[in-house]
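Should a chain be cited, it is by its letter among A, B, C and D, assigned in written order, with residues numbered from 1 in that chain.
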Amino acid sequence: MVIVLRPQLSDERINRVLTAIQEGGHTGYQAGPSTIVVPKNDTSLEASLAKLAEVEQVVPIKSPYPLASREFHPENTLINVRGHLIGGGKPTIMAGPCSVESVENIVEIAQAVKAAGGHLIRGGAFKPRSSPYSFQGHGEEGLKMLAIAREKTGLGIISEVMEPDKVGLVAEYVDILQIGARNMQNYPLLREVGKARKPVMLKRGLSGTIEEWLMAAEYILAQGNPDVILCERGIRTYEKATRNTLDLNAVPVVQSLSHLPIVVDPSHGIGKSEFVRPMARAGIAAGATGVIVEIHPNPAQAWSDAAQTLDFDEFRALVDDVNRISAALAPSRPLVHA
Amino acid sequence: MVIVLRPQLSDERINRVLTAIQEGGHTGYQAGPSTIVVPKNDTSLEASLAKLAEVEQVVPIKSPYPLASREFHPENTLINVRGHLIGGGKPTIMAGPCSVESVENIVEIAQAVKAAGGHLIRGGAFKPRSSPYSFQGHGEEGLKMLAIAREKTGLGIISEVMEPDKVGLVAEYVDILQIGARNMQNYPLLREVGKARKPVMLKRGLSGTIEEWLMAAEYILAQGNPDVILCERGIRTYEKATRNTLDLNAVPVVQSLSHLPIVVDPSHGIGKSEFVRPMARAGIAAGATGVIVEIHPNPAQAWSDAAQTLDFDEFRALVDDVNRISAALAPSRPLVHA
Amino acid sequence: MVIVLRPQLSDERINRVLTAIQEGGHTGYQAGPSTIVVPKNDTSLEASLAKLAEVEQVVPIKSPYPLASREFHPENTLINVRGHLIGGGKPTIMAGPCSVESVENIVEIAQAVKAAGGHLIRGGAFKPRSSPYSFQGHGEEGLKMLAIAREKTGLGIISEVMEPDKVGLVAEYVDILQIGARNMQNYPLLREVGKARKPVMLKRGLSGTIEEWLMAAEYILAQGNPDVILCERGIRTYEKATRNTLDLNAVPVVQSLSHLPIVVDPSHGIGKSEFVRPMARAGIAAGATGVIVEIHPNPAQAWSDAAQTLDFDEFRALVDDVNRISAALAPSRPLVHA
Amino acid sequence: MVIVLRPQLSDERINRVLTAIQEGGHTGYQAGPSTIVVPKNDTSLEASLAKLAEVEQVVPIKSPYPLASREFHPENTLINVRGHLIGGGKPTIMAGPCSVESVENIVEIAQAVKAAGGHLIRGGAFKPRSSPYSFQGHGEEGLKMLAIAREKTGLGIISEVMEPDKVGLVAEYVDILQIGARNMQNYPLLREVGKARKPVMLKRGLSGTIEEWLMAAEYILAQGNPDVILCERGIRTYEKATRNTLDLNAVPVVQSLSHLPIVVDPSHGIGKSEFVRPMARAGIAAGATGVIVEIHPNPAQAWSDAAQTLDFDEFRALVDDVNRISAALAPSRPLVHA
């Protein structure tokens, strides 16, 4: 169950509730200033907690991820990033290079994102690479370059953080902290971004089940950070013709289970630039809140992920299609959860 | 390479070409009245064959599935079924029950398909079931019921055939022969439908790679039947939240490799009725030629696949969405292959 | 439940039982002369059937594959092939070429199998090939060559059958009918080999679950053929370093669920000859009843599957290892099911 | 290529080599006191480096993981842990509870490991759990309990570390640092254990390819830590009858590619206690260097992983079988790499 406390309680009064939970034979986990999670339901405890002056509401919950579930939070979560509302109905477009390369390059790309109607600039500063001998990203220098691109365009920026110790540093620069697929179950890292005061985009692991993914989101939410965006970026299957298998089934399934916004990453999801546009279309048609794609003024010369990177022209066509589909489906009968 | 013969050649003259191929150290496979496949390329044989009076054209081909590849046949294959053109631009809608249950039931469904703007009636008469003790379909009686539904509505019918011996029987009734996912690599069956004079819809196997799937199509084409429709219906992955994982990546990838039309089956692809509509939308947005879905006047009472079956109302909403997306994307920049 | 009839009943008396089942609201499936399967349990029907003079025993069963389950048949099934007892404690060794090539070749191989202490000769006469333009096997001529090899050595032979119509023909020649991985759920074929009076080796499909595999075995058993051997030959996973992933987990799991013998095929299971011996060792150590491997006097020149084929010397080392492990484990505490 | 330096060089002389590499247009990565990796081969640079006084040997290498590959290091790596030689021919047995529970409990288990002939005690102090609301391990207290168990038995201890910051702490207590499956590609963590002066056991990720796994090992080796043990613990596949699919194919494949010792974890690999012993047998028969298993005096009451945990009696039977197989295979012809 989830216990919603009255606003602005003193620590002492919160402890009174935690003590009552403990006396009831359960453990309470405080998730933010006015929320306590008790992992098991217990109708008698529920009744006694409901009587406490500190408690506004007690919500019994069956899901193993109470805070991420619609049981606790039926309406969609909306996240405001520099004036753009993720989950607000208009498709969110995030785009940028795989790796941040130089100030000139990232500013040029950011201007192209803005011109096409995009909302956020993506770009890797700390890069998880299969080989220890590959370029590992510009690090903080890359974040500074992103910040310059933000200044020039007013668009928000999103970049990956790979270790707990760097969360503070990365959060100083970015508007959204990205957790990469390899780190979906890096729990110390999830806890740390849960303590940050910035939204987090949590990519699905290569072999993460939908349940494990929502449990990973719960780690973040349980630290009091309510602003989690899920990103489907392709799962690992036996098929060799594509880099990964973009699992669009996950879009409506996640939306039925959770209130968190979900975006799709067709660049990683299929891995070949000529197929990115149709898969972005498909993601939006499946109901996704937005797309994140890799773009570069000259994809063949991109420092990483060249094969799946769009040029500006292809990107504009993608944005047009995404908006066309979104507009076409606006009058459609609402999906069960959308 | 593929050798295209002049029209209307006598057997004797065709044999002359086959002999020339053999003398050149290769084997020729006749695929229909005017096509011979030589699995390997050989520029000197190519040159000598091109000089023969019987030969119209010699097309060198790198693909392991020459007839299914765009190298041999760059433009899309169109298939006319009772006046509806599959691959002709307008999305093809096939719908019906998992199993044909009764005349009344199938006629009621067929009328709903027609009323909603659908084009073909699907329904299982010979059913592949995991258990030998489950209902195995009405067999020929089921085909007769489908034929009555066709008479009443004018819509074409599609039904599965499971064994070589029954191809003749099923082909007498249906407009499209369906090969189920379990039989994607049932080569004697593929050969037999390759000899039939009816279009064939070939479902992708649960763990079929895109290459294996196109090779399976090649078995049909190699027997002289040019009318093959591919159907993506979900692959088997580790994810347990859905019945299968609808692999929409396959849509643009197949379209880049092959001229054959591809439809998607979101009913099997996700396996839960509430998620079928968004996945149908996604399939069309990815570029699919059409969709095939399971519908029933009362899904809860369907004899099989109840959980993934739409009622008529949900089906109409699905058709509307499919048409909305198709219309919205019409002015879009063409995909690489579409 | 399964109803065991008294021996040698007339059809009339069997029908009396079937009628009683029907009157009890259930369907009975006759599986051989003295066995009737009723897919659902029903304690009141059970009691009334137990009173019939025709009935020897009624066994209530929870499994979806009653005849294949240990609930019905707790002790291991043993299958006698020309004096060798499959499942009898001594590891069964089946070996031979992927494709039967010539009389000389198959006789040479058969003699090597015998000399090394093997029990059965494998060899493909009807070959399922991904491409319609690859060698499809010598067909009946290949079976005749196998029969000659049997004559020369006294060893039994096993070969694949791919379509219902050919079961009679193949069964005339072989000692064991093989169902290939692609046909694990080819139900008309399973039914037909279920009617044959020869043992059947059923390979697991590339993406067949253990439950589906045992259900496929049930199709054969339900036709009255009790002699089914299961063969684990590798499943399809994301790993690209090997041809397939030999799932040895399946060995103890199947043995806990079913009384049918299980052998492993490390040749297909890993796909590279240098790794076949350790995987054969592992299969036997996991508890498998035997192994089936591909061998050839000159693997590099084998007509198919060259990469995974052992030469005679490697094969002898494999047989030695298999026997060493089997002997070493003989005094070990029995596994739960072995 | 890998450049092996003469022993005991000053930093200045090492820098001379690094400068020569840079002037040759390449980047050199120092991996320990006498090893430099240059990710690409270059025959002219190779020749000029070989002439330097500082250089003992230059080894050209094709593998993407030079230090982990047999190209650089043909003979097996042996790792001495408190007198037991991992990779030394005698199977290594590591056993213990999923979570360290109490001093009494871990000492009792450690004594059972020793009595049965085991070599290392495993036990989780920092536990990666799917839910933020599950027991996360005793942390440092758990490490202290392990240290007491070591004192009482003289056996080495192995425990997991989950974040870079905790590597120093955990390394103070354990004999082997364990990297869990979820962290196989947690690069900051891999780098940190690469700097530790303790052996590291690197578990394969749930969907890690063999290549990615060896690249992950390379991250550790590249920091100068040569003592890496690989652990196959089951991969994620479509099969639902078992927790994971123990991929024993990986054993001989890894041994052909790398000199690092490989152990198998049948507890996680199959997930049900009754099947752990046959899979441990299979792992050793496939050629693994050792096994790691979960044991508990009363598995039903274990705080985690109860279903896959052996009692002491089952564990003794497992050790006996492992030793029987190892002894039986000793006179066998050596595998290609063993």
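Here is the rule we use: a residue touches a chain if its C-beta (ideal position, glycine included) is under 8 Å from a C-beta of that chain, and two chains touch if they have at least 3 such contacts.
Computed from a prediction, not measured in an experiment: that's the story for all the values here.
> Weigh A-C against A-D on C-beta contact pairs and write down the one with more.
A-D
> Find the pair in B-C, B-D or C-D that has over half of its contact pairs, by residue number, in common with A-B.
Going through B-C, B-D or C-D one by one, only C-D repeats the A-B interface.
> Once you find the CA centre of chain A and the CA centre of chain D, what distance in Å lies between them?
Centre-to-centre distance between chain A and chain D: 33 Å.
> Distance-wise, how many Å sit between the C-alpha centres of chain C and chain D, to the nearest whole number?
The mean C-alpha positions of chain C and chain D differ by 38 Å.
> Using CA atom averages as chain centres, what separation in Å is found between chain A and chain C?
49
> Which residues does chain D have that touch at least 2 chains other than itself?
If we look for residues of chain D contacting two or more partner chains, we find 207, 236-238, 240.
> Across the complex, what residues on chain D touch chain B?
For this pair, the touching residues of chain D are 207, 236-238, 240.
> Which stretch or stretches of chain D touch chain A in the complex?
Of all residues in chain D, those touching chain A are 27, 29, 37, 39, 64-65, 128-133, 162-165, 182-183, 185-189, 191, 205-207, 212, 215, 218-219, 222, 236.
> Okay, in this complex, where on chain D does chain C touch?
Touch list, chain D to chain C: 207, 209-211, 235, 237-242, 245-253, 256, 269-270, 274-275, 277-279, 281-287, 317, 320-321, 324-325, 327-329, 331-333, 335-336.
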